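In what follows, subunit A forms one complex with subunit B and a second complex with subunit C.
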Partner chain A sequence: MMIAQSLPVARRYGIAVVTVALFLGLAATTDGFLSQANFRNILDQQSALLIAASFATITMISGGFDISAASVYVVSPLFALQVENSTGNAALAVAVGVAVGLAVGVGNGLVVTVLKVNSFIATLATSFMVFGAGFLVSDRSVLRASTDAWPSIARTRWWGITTGAWLAAAVVAVAWILLSRTRFGRHVYAVGGNAEAARLAGVPVARVKTICFALAGASAGLAGVVSSSRSLSALPSDDFSFVFGVIAAVVVGGTSIAGGEGAVWRTIAGAFFIALMINGFNLHQIDPIWQRVIQGAVILAAVSIDAWSQRRAL
Partner chain B sequence: MTSVASTAALEVEGLCKSFKAVRALDQVALSLHYGQVTALLGDNGAGKSTLVKCVSGVYAPDSGVIRVDGTARSIASPEAARSLGVETVHQTLAVIDPLDVVENLFLNRELTRGGRLGAWLGLLDKKRMRAESREILGRLEIRIPSLRRSMSALSGGQRQAVAIGRAAAWGQQIVLLDEPAAALGVEQAARVLDLIRNLRDAGVAVLLITHNMERVISVCDRAVVLRQGRKAVEVEVSEVTKDDLVAYITGAQTGDIDP
Partner chain C sequence: MTRAEALVGVRNVSKRFGATRALKDVTVDFEAGRVHALVGENGAGKSTLCGVVLGVHAPDSGELLLRGSPMRLDSPAQGAGHGLVGVAQELSLLPAMSVVDNVVLGSEKRRGPFVDQRANRRRVEALMAEHGLETPLEARAGSLSVADQQKVEILRALGRESRLVVLDEPTARLAGHEAEDLHRTVRGLAERGVAVVYVSHFLNEVLSVADTVTVMRDGRIVRTASADAETQESLVEGMTGRHIGEIFPPKPPAPVTDAEVVLRVSGLCSADGDFSDVSFEIRAGEILGLAGLVGAGRSELVHAVYGAGRVASGSVELGGRRLAGDVAEALAAGVGLIPESRRDQGLVGRRAVLDNTTLPHLRSFAGWAGIRGTAERQSAEKACRDVGVRTASLQQPVQSLSGGNQQKVLFARAVLGELRLLLADEPTRGVDVGSKQAIYEALNEMARAGCAVLLVSSELEEVIGTCHRVLVMRNGRIVGHYEDADMTAANLLAASFGTHDAAAEAGGAAGGVEAGDAAGADEAGAGGVGGVVGGVAAAGAGAAGGVEAGDAAAAAEPGAGGVAGGVGSGGADGADEPGAGVAGGVGVEVDGPGAGSANSAGGAATAAGAGAGVAGGVGVEVDGPGAAAGAVEVSSP
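Let's look at the complex of A and B:
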């Protein structure tokens, strides 16, 4: 009984505890860790991931598994920069970048809810299509920003913090409130927890799921824009690594891949745990090969705890 | 608690429903009355759950009439049933485990704050929902250790009590219960029966599906027996014995013989 009751608590707040512990450990042992410049750097580097991961969390809680974020992240800035290059209008370009993500997300949602395809497979398939569209729209070459407005989107500093990080904070806040303070958020948990029971209670299950995928797509589009504003360019590729970082942050935070449980703040903690870990590795000059192994072990530990607590709940 | 009341709360006539070649319901008629508990009996596959699902908007019947308070209605969705005051506790799909007690009670009926803007945004009024949940559970004499517990941390009886409590809280007129006490221990089942009596005394029309004849005798006013999708018999519970009911269900005794 003690274990059964303490486990949900461990799962709920465990990530906060270990993140703080890691922070304190690094602060005590590592030169150069406790500096404003280092923290600003971490915040700025995490901005794109946080934007996509906060809404990926919502999709995962609804019971969806969306891996199209990487393709949207790669391709939305290609569309955006084409618009920027030809019109010189950065605001319009941002809107196009987000709209590309939104359109992919709506498509994913419809494939999952109307065609009833498993969401992992559906978003794998759409990922390839989107990656392909990226090569087409960019004519297989790097696109560079042509206006000064483009880098200013994410690289302007307000009180020392980049606008990319401020933007991430705003998106996180919106996702957090949407999930924890609104009826929509409640319905997301209900749909992920037991879709059939939710349907019998009159919750519009398909609509809720589609909106989750749509918002996740739009946020991945914005993440791509922020990233290309930081780098001043965009490169077509078929690189899935971005979404692995997103999913790692979500599951290390303790959001259940089975759906129905999780929170945006946990994903934020998960993202910072991973970011601090990598930061510590780099400051201690640990071999990048070992960094990967350890990172993989951390993710494995997180999903094991999830699976274990799912079994306990039965 | 015998005899028929004035207008039926819910009346079903000539209800038919087939699944491919299988005729699940064949010209079934049924009426529920305010302040009465009606048992719906029958062997497995007799059509009990199908009937409940037709009335609660889960299945669309092939033909037949459903009247609520004397008015013919088409109940196209669970939402439509709820808006007509018909609340249902389905056999196994009653509650959502990861959500807590308050969240389950107010599922898809969440209260909002902040006026019309708050309603549009769907801003939850958690405080009011918690207070009202306490009030609802108190009124129905349902004791739950903590409203913030997720359902998975509660016992089978408590979970079922919350499911019935939700139906009771919103179904001021008609409550359909599909085997609400099937998986419960003796004491927990007794609590559920008390809950059903409370509903009846509050004037609610209750339909109870069960396989337990003791429960029929102790809480129901009338019993409708289905056999192979047809209504076999309808009796006043006070005029029959447990053995009679079992005989009707198995077909050892037909409905034509007056008990």
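Let's look at the complex of A and C:
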């Protein structure tokens, strides 16, 4: 019993422990790591990913797998910038960008719950549609911001930290509270852990799932807006890489792909683990090609250790 | 019967998991050619002992002997190498693969790099013929009945030239006649010289199928004795240290006739054809039983009342207000459900006890910043304490609790809702005697508090011991309604199997029952049950005689069987499972497989089991799959 009660603590917070260890290791060995500028930079770079990943975590806990985040991330700023260019109203443009994501998310949710299509397949299909819409709305060209308000969305500094990072912190806080403190959060865990038991306990299973996809879509839309505000432009593409970063953060954090288990704090830890690792590579000037190989190996190791510890924890 | 020889010996074995001493100085022999049952409450160490024998758990001290010489097992693969294999309680078949593929899985015959389908098929056919286990070869395993899946699982074990087979709760999910099939399979294994270790909570089953019974309690062996020397009472006493009569607490007083009608179901028909034209009422403070065979439509009916099933017509009224058929609405109106399968339908296994207890009631803990944690925890704590959930903390994942405690968490959930109607679907399945008792107390407590209770149960003893009234369902319809003295195992069984009309016609025998019942004493009661059973069989045979002259001669014998049958099922003690009760009459008719063999009369009667009852049924009503099974059964011994 002693063992059974003390070890799980280390196991439960394993990813946080590893991330802190990595931080300390880099701080001790790497020049230039322990500087305010470096941390600000990391925070700013992670803002878009954190915004999308915190709600992707909730979707994954509910048993859904949403890969349309990449397409929404690419396309929502295209819609937003078209609005910004024609109206000059940045607030309206942000709203449109988020609304595009919300609409895609609701669509995903309905396809998954009403048509009962596997969520990976459903969101893969919608991804192509959304990527295509991006090319249509932008006429296959780069869109640039026309107002000063657009870059100020994510690039304004409050106490030295960019508004993009503040925005990410706010979104993370909302997702965290939603998942851990509210009825909706409990329902998400129940739906992902045992949908039939949830249904018989009066949980509106289809509604919960749909809301998860809708929120994930909206957050991916906001992530796209933040990213384009940082870069002052948006480019149509069919690049899936954003969602792989999101999923890597969620999974390295220890949220179960099978659903029913996980937490927002885990995703934050996972995201920073990966970010610190890349930062360390860069500061040590490791060849980017080798960075990828090592990064993949480290992710694999992290996930294996997590799977092993969770199995043992039973 | 072959002379007993110790195939595997367990000597002074102890095993500890953390601080839990699962086995303490256990010494027992498992003999070739014998069925050796292990009984005990959950947590008594049965599964651990099986695990030690199979190589799943390495003992901390003590040793294992194989035919008298020391043996070391470090893995289940080593155990399998010695021919020691287990059939798990939860089936582990691949549902999308064929029966042949499942049986040979892991030991496929190959020609070069390719699987040789024909050779595998021949091998499986040979196995089936050798052991008399018939299942369709090419069918997908997932499409078979649970009993057939169990056979496939056993075939897989036999395919590895097993010398010892461990069956852990093999009949927990089987209907009565399916369990009978399995028992014959088990006996067949033993006759071929295999040592069978048989773990079961069904004591009548243990007594009928086993040669030797070992009773365990708290990791120790209480005793090992011949099954002939044990009765259900003696086993329960050994397992719990308590007497069987104490299992059922006194029923709460029956509701007065003008008590409020809490639930009124009128003309309810399923949209999927699972039940039709069902009408009944439950009053405040009343416990209504719903008996019948597995597959009679009971769970589907309960789900429909709860708003979780599809209804074509009819109405469900709670306290005079019509429910629209929506779970959230039913919950809000004060209806609670303990579903049939706590793992699949009840609990979210990896979540905490707390989350599982409060899941349907979160609205009542809503505050401005989400759930009010303290209020939620206090309510859950109280509810868990009220129903006796034993857990280290409310944060414990619910799947780490024992089966009985998991079930109690579902009761805690129900208690928390301030229920007006509780729907409990097989609430004591797979839980130990101690937990059962706690669950009966919880049911009574709710009834006393004015809640209406609908109890679905396949254990007749349980229905009779806890309910004020009982409805019997068969083929989706309510076919019987019993209360007071009519609430006997024989009546319920006859109605469940559809031989009820015959019982009514067999006036004399039915009279016998009432006399037996009125006398009330254990012995007389048992005799009464036997009497009716005989009556049923007699009437069945009589009717058969009417239809087919050829059977007329047989009719006389079952009649006589009625009397002897009384003794037979008396031994098995009160038909708490379909097979057992109906047994007696025909057991004798078929020329006492029972009376003859090494088993006690009681055991044998049960073995003849469902066949008998169903045989009676054949005569009266030529319907149902049971009829065919019955015919086979009667001729086979």
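Rule of thumb we're sticking to: the second predicted complex is superposed on the first by the 291 of 314 C-alpha atoms of A that agree within 3 Å, B and C clash if a C-alpha of one lies under 4 Å from a C-alpha of the other, contacts with A are read in each partner's own complex, and residues count from 1 in each chain.
The definition used in the following text is that a contact is a pair of C-beta atoms (placed from the backbone, for glycine too) under 8 Å apart; a residue touches a chain by one contact, two chains touch by 3 or more.
Since we're looking at a predicted model, the values are computed, not measured.
Participant: Quick check on the subunit A-based superposition: subunit B and subunit C, clash or fit?
Facilitator: Once subunit A is superposed (C-alpha atoms), there is a clash between subunit B and subunit C.
Participant: Per the contact definition in the header, classify A:Gly132: touching subunit B only (first), subunit C only (second), both, or neither.
Facilitator: The answer is neither, since A:Gly132 touches no partner chain.
Participant: Applying the touch criterion given at the start, work out whether A:Val203 contacts subunit B, subunit C, both or neither, answering first, second, both or neither.
Facilitator: both
Participant: Touching A:Gly25, do we find subunit B (first), subunit C (second), both, or neither?
Facilitator: neither
Participant: Which of 98-106, 188-196, 224-232 or 494-502 in subunit C clashes with subunit B after superposition?
Facilitator: That would be 494-502, the one stretch with clashes.
Participant: Share the list of subunit A residues that count as touching for subunit B in one structure and for subunit C in the other.
Facilitator: Residues 4, 181-183, 185-187, 189-190, 193-194, 196-203, 260-261, which sit in both footprints.
Participant: Give the list of subunit A residues in touch with subunit B in this complex.
Facilitator: Contact set of subunit A toward subunit B: 4-5, 8, 181-187, 189-190, 192-194, 196-203, 256, 260-261, 313.
Participant: Using the touch definition up top, name the residues of subunit B that touch subunit A in the complex.
Facilitator: 56, 58, 77-79, 82, 88, 90, 93-99, 103, 107-108, 110, 112, 121-124, 150, 152-153
Participant: Which bits of subunit A are touching subunit C when the two form their complex?
Facilitator: Residues 1-4, 177, 181-183, 185-187, 189-190, 193-194, 196-204, 260-261, 314.
Participant: Spell out the part of subunit C that touches subunit A in their complex, as residue ranges.
Facilitator: Those residues of subunit C that touch subunit A are 18-20, 306, 308, 327-328, 330-331, 337, 339, 344-351, 355, 358-360, 362-363, 366, 369-371, 399-400, 413.
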